[in-house]
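Here chain A shows up in two complexes: once beside chain B, once beside chain C.
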Partner chain A sequence: MVDSYRPKDLKDALSIRAEYNPQPLAGGTDLMVRYQSWSGTLPLFTKSVMFVGHLKEMKYIKKEAKDKTVTLVIGGTATLTDVANHPDTPVVLKEAVLSIAAPALRNNATLTGNICNASPAGDSICALYALDAVIVIEKSGSRREVPITEFITGPGRTILGPDELVTAIKIPLKASSVNDFTKVGTRRANALSKLSFTGVADYKNGRIDSIALTFGAVGPTVVRSVELEKKLIGLSGPELKAMIPKVIDDYSTVIVPIDDQRSTAVYRKKVALNLLEKYLKELSSHE
Partner chain B sequence: MVGAIHELPIKGWIDTKGVKMGARISIPVRRIDAKEKAGGWTKYIGDYQFKNLQHGRFLRSERARAKIIEIKKPDFPEGYYYIDASDIPSSGKNNIQMIKDDWRVFAVSDVKYIGETIAVILGPDKQKVLDLLNRIEVIYEDLVPAFTFDDALSCKGGAVYGDNNIFSEYLLNVGNVDNAFKDAVKIVEGKYETGFQEHLYMETQGLVGAWEDEKITIYASSQCPFYIRKSVAVTLGVPVEDIRVRQTTTGGAFGGKEHFPDVIATPLAVAVNKVKKPVAMIYDRIEDISFTSKRHPSKITIKTGLDKSNNIIAMDIDTLVNGGAYESSTTIVLQRAILHGIGVYNIPNARIRGRAVATNTFPSDAYRGFGAPQGLFAIEMHMSHVADELGLDSSDFRRKHFIKTNDITITNAKMHDDVKLPEMFEKIDEMSDYSSKVKEFANDPVKGIGIAFVNHGGGFTGNGEQAIIKGVVKMKRLEGGKAGLYVSVVEMGQGLQTTMRKIAAKELGLDYEDIVYDNPDTDIVPDSGPTCASRSIMVVGFLVQECAKKLKAKWNEGVGVEAEDVYKHPDGLVWEQETLQGDAYPSYGWGINVIEVEFDPVTYEVKTTGIWAVWDIGVAIDETIMQGQSSGGVIQALGYASIEKCELKNGTFMQHTMADYTIPTSLDFPKVETCFIDNPYKYGPSGAKGAGELVFDAAPPAYAEAVQNAIGKRIYDIPVTPEMIMEALK
Partner chain C sequence: MKEIKFILNGKEVSVKADPLKRLLDVLREDEKMTGVKEGCGEGECGACAVLKDGVLVNSCMIPLGAAEGSEIVTPEGIRETDKGKCIIDAFGDAGAVQCGFCTPGMMMATEALLTINNKPDESEIREALSGNLCRCTGYDLIVKGVQIASERGKDLW
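For the complex of A and B:
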């Protein structure tokens, strides 16, 4: 038997988490499936559960301006629908979120849950890697902020401590003129990803000023190479165009997918590189 | 000349009173079950309340092929049972009487596929049942399993069945194939493969067995209550009258609830017979996808010989279907596959060798089309490939070879149907702009259009309706100007509760709502046969029409007066079952689909941009219901052709959740533009023929041809996945 907890507020949640280390459950759309058993019997949770989806303090999305940066702060219990509907949500995140499941599920599922599930095929994660999202982690008496790339360590694995909760996600809102999120799913709606791609970039004075390229479901975590992106900074459109074959070559070494019940390694890699090529061509035609 | 053509959709329903006949029967009425089902009030098997209900769950084989060395069981608390073959009464037997009875109720001493039933664990508390099940340990000694056609034919690990793994073999022949090939100036050959397909009916498999009035009653989500009655009676060794089967409203079936409920009903009945309490066996979705029968995979090789005028003079076909570990209905599926093996063509010299093989996969069984979709996919793709090889237009080439009335069929009989394919082609060409699009897309890098021509025999093969079924229907005048209809065919989503009422009402001059037609109960209705083989309307509906005429003649004798009608095979049809010679079916439905696609060269995904269907189903009993059948059948078939990948790995289906076994949503395909052509059939009610399976048959080859034209590479296998397209374009 496992216990279940329903904290009255965030403070209460943090102290329960510290004392009993229960599994946090917000929308339950992943966990209830993962632990399902014969219908009519209890789900097979291996540890106690703490419901957090009702915690109002974390159900918000707001903009914060500090110095010259504007940050979108998404509360820990904001649902995917909340994220999709917010006017300041970056377009690639909005598209990624709207590609997840169906409206009923998105009304319940939280962005935090999608991140903590840490699936390499998590559609929002692919976009959040490209957007330099930062995960806000709290425990009783302390708080830390970690880039999402460091937060997720492997399939289903994060650095979240047993006494900690993710209380918010911060996304720096940056200029980005060429945006693409593409999900290749098993069908057109209500589908899991075979792979996904996010590209965001911006030009300044005719040269690429910022760029992020991420790939979902083609490795144990979402793939992003800051090192390869750096090589593109400062290029003009025509210079980028000339470099595309080389960039594709470079990325073909970092994209190492596997075969599974949804697709093949060969297809995933080929299509990931095709999507990259298509994006870079599009990007090179802008200035 | 073309009969009347009725464009769809007809806007709105007519007032239900209008079906007090005189009106054309095809005019749609409101479905009798629509409101209850849409409102969520309809009770399905899982909604029934039983006093003292016990919950059963199967102990299943976890090995594809193994000896059972030992089964280690925990102590069972009071009220919890482990039921296995030793609980079958001495008068009964450990066999499930389907078409063959080789499928065992319980595996004993060895297992032949993953998921095979070893025992039923049951008790009042589900969690305790589950805990007991988890504590049972089966010790196996693994044997070498066979999964593929090659494994089966080479008898890998020793024969699973007989001494050669061949459940059944047929040879059909018309003309002289070997001689004709000698005269051929060109020969084209191709090998075509299709995969498993899961039914994914909305309601999973579910039955409750109860001990009522000193006998066993099975409440079943099922297509064929009398099949269940027979198999349970044989297993328990009791007369069929000692078993009562009550069909519960069935949330989809598609063939998956034709024979398969017997696989649940028989061990369930053994359990109920022992514990004398109601026991529920209701599958969860993952259990249902993992452990129920699928469509038979096929591998079909076709060799075609042509003369110098590009006419087909010879065709040699080799057909294999994978029946899995037990034969059950596989031989009949094979028959359908080969009887539809040369499609809608007149081939003067043709030979088909058909073999059904045994493997250690989950036994394959009925699925909408019953072998015909596999045979028709192969012949249609092959005809397309031959045309391509000759540099001819694919549709022109096929149309030149259309079978005509009185031409000789593959079973050496005359085609009796009035074949309207040429007129139907004109119609679909007009609807879809097919001919001009073929030219327009010829050099288009991403667009393609495909066409397929099919027919589907209605009713049981050959004289099966006479020799095996001998269907009976009964009607009775009830109080209040109503009439009772007593048949064993069931509503399973296809609209039978409405269409059967319309047929009876038309003859009796009543409103269709005044016909009482309850879910069949084998203690009440006569055996009019199973709900399958596109027979319900054509065969049973005709009996209903004739029975209603009889009742009308006696109507004035007063309340309680009854009438009955029994199947008679149409005069002049001959059939030799052993050799499959003669009139294979009393009549055929005919169809053409055109499908237009656009492929994405970046992701290799295919978007379907247009779907058109023209059908000759005799006469539609209800055009809206038939529109539903057309849309549903075509889209289900497009899932089979495109995204429904079901791979077997070491005997386990890899896609066993609804997340991984994906069927189309409304976003995946556009509306199916449908048209029906009237071509009344003498022995169908108001001229109606079979339709339920026909609507599945044409879409897979039409889709595959469209994709093939879009990508410029031939397609031989379905499902045509983006992965496959990528490989083809390498």
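For the complex of A and C:
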């Protein structure tokens, strides 16, 4: 049996976190399964728990404009349903969130929790890597912002300090005309990903102006190669079309999945490259 | 152990329990609301579905402490209402109930759906029920039940 805390507000939560380093629990949809015990018995948490899901100060989604950049800020206790329903949520994130589990789970699970759980198969994470999401981390008296690529360091591992909390996720809202999020699972609802793919890109004056390609559940963290993306910037549609076989070759060296209970390395790699090819073909037909 | 208060089916209740006790166990054991079922215990089957502050959730994944001060509605809380009776009769008439174990969760999912969308089409119904497993019916009869409830209950929701 472990202690549990129910802070009255965010300030209280940060001071409890600093003093006792409890495990934060927002929706509980990952943690209650991870520490599940026999039916009718208490979950077997290994350290004290702090409930944070009720903290209203973090239950918001808002747009912020600064120097021509518009950012969507998703509060730390906004649920997946809140994210899916918000009119300004980028389409790939919306699709990623709606591919997670089923309505009852999404009503309770938070986007922040999905990131802090840092599963290589976390569907929202694949989309957030492509959207250049930034994680807002606070502790009593200070605050820092870290790109999601630096926040997640491995399966289940993040840089979050024992006295810190993730209080928001920031997503710069950019023009993106060709968007794709695809999840491959055993069935549509309630299945964890075998793999997932996100592609976002935009053309300017007939040439690719921005592009991000990410792959979930094919490595210890989401795979994204900014170097390979750079090679595609400035290409026209027909130029991209001619390069697709080369791009697939390049990506086949960075996508190195493993076998596990949900799928095999061979299947994951093949399907990831197929999804990439399909996306690039579609992208090359737009201008 | 802590004394934790929440609203259960419209009445305030106070439960003395570990705040990490699953809401599912509190509802079934402390409050004798056995309409809430445990299927998988890990959020995949929807048999333990209840409404928390008006939205559908799985009570097996919610520690009691996270439900403090919330309004919880179990199948017992809608069974005697006009909406609840409408869903029960519609499920009965459609043949949506075989072994019955998933039925309370299906009812809660139906109530949650019709509250936000009282004229759902078939794909919206299937999406709304996508977190509820049924191993008997093959789902078609349950979808039919929801359609009947939606038609008959158009003035209720």
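Rule of thumb we're sticking to: the second predicted complex is superposed on the first by the 287 of 287 C-alpha atoms of A that agree within 3 Å, B and C clash if a C-alpha of one lies under 4 Å from a C-alpha of the other, contacts with A are read in each partner's own complex, and residues count from 1 in each chain.
Quick note on the criterion: contacts are C-beta pairs under 8 Å (C-beta built on N, C-alpha and C of every residue); 3 or more make two chains touch, one makes a residue touch a chain.
It should be emphasised that the depicted structure is a prediction, and the values quoted were computed from it without experimental measurement.
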Exercise. Which holds for A:L105: it touches chain B only (first), chain C only (second), both, or neither?
Worked result: second
Exercise. Touch check for A:R262: first (chain B), second (chain C), both, or neither?
Worked result: first
Exercise. Where does A:S4 make contact in the superposed view: on chain B (first), on chain C (second), on both, or on neither?
Worked result: second
Exercise. Does the superposition put A:R207 against chain B (first), chain C (second), both, or neither?
Worked result: neither
For this session: Applying the touch criterion given at the start, work out whether A:F45 contacts chain B, chain C, both or neither, answering first, second, both or neither.
Result: second
For this session: Check whether A:K231 is in contact with chain B, with chain C, with both or with neither, and answer first, second, both or neither.
Result: neither
For this session: Could you say whether A:K174 touches chain B, chain C, both of them, or neither, answering first, second, both or neither?
Result: neither
For this session: Report for A:T29: first if it touches chain B alone, second if chain C alone, otherwise both or neither.
Result: second
For this session: Name the contact category of A:V271: first (chain B only), second (chain C only), both, or neither.
Result: first
Problem set entry | chain C-contacting residues of chain A that also contact chain B | 39-40, 42, 188-190
Exercise. Touching chain A in the complex: which residues of chain C?
Worked result: 18-22, 25, 29, 38, 41-44, 46, 49, 52, 55-58, 60-63, 65-66, 68-69, 109, 112, 127-128, 130-132
For this session: Report the residues of chain A in contact with chain C in the complex, numbered from low to high.
Result: 1-2, 4, 6, 25, 27-29, 32-33, 36, 39-40, 42-43, 45, 49, 51, 53-54, 81, 101-105, 107-108, 188-190
For this session: Note which residues of chain A are touching chain B in the complex, please.
Result: 37-42, 182, 184, 186-192, 194, 261-264, 266-267, 270-271, 274-275, 278
Problem set entry | chain B - residues contacting chain A, complex | 55, 57, 126-127, 130, 284, 601-605, 643, 647, 654-655, 659-660, 662, 664-665, 667-668, 722-723, 726-727
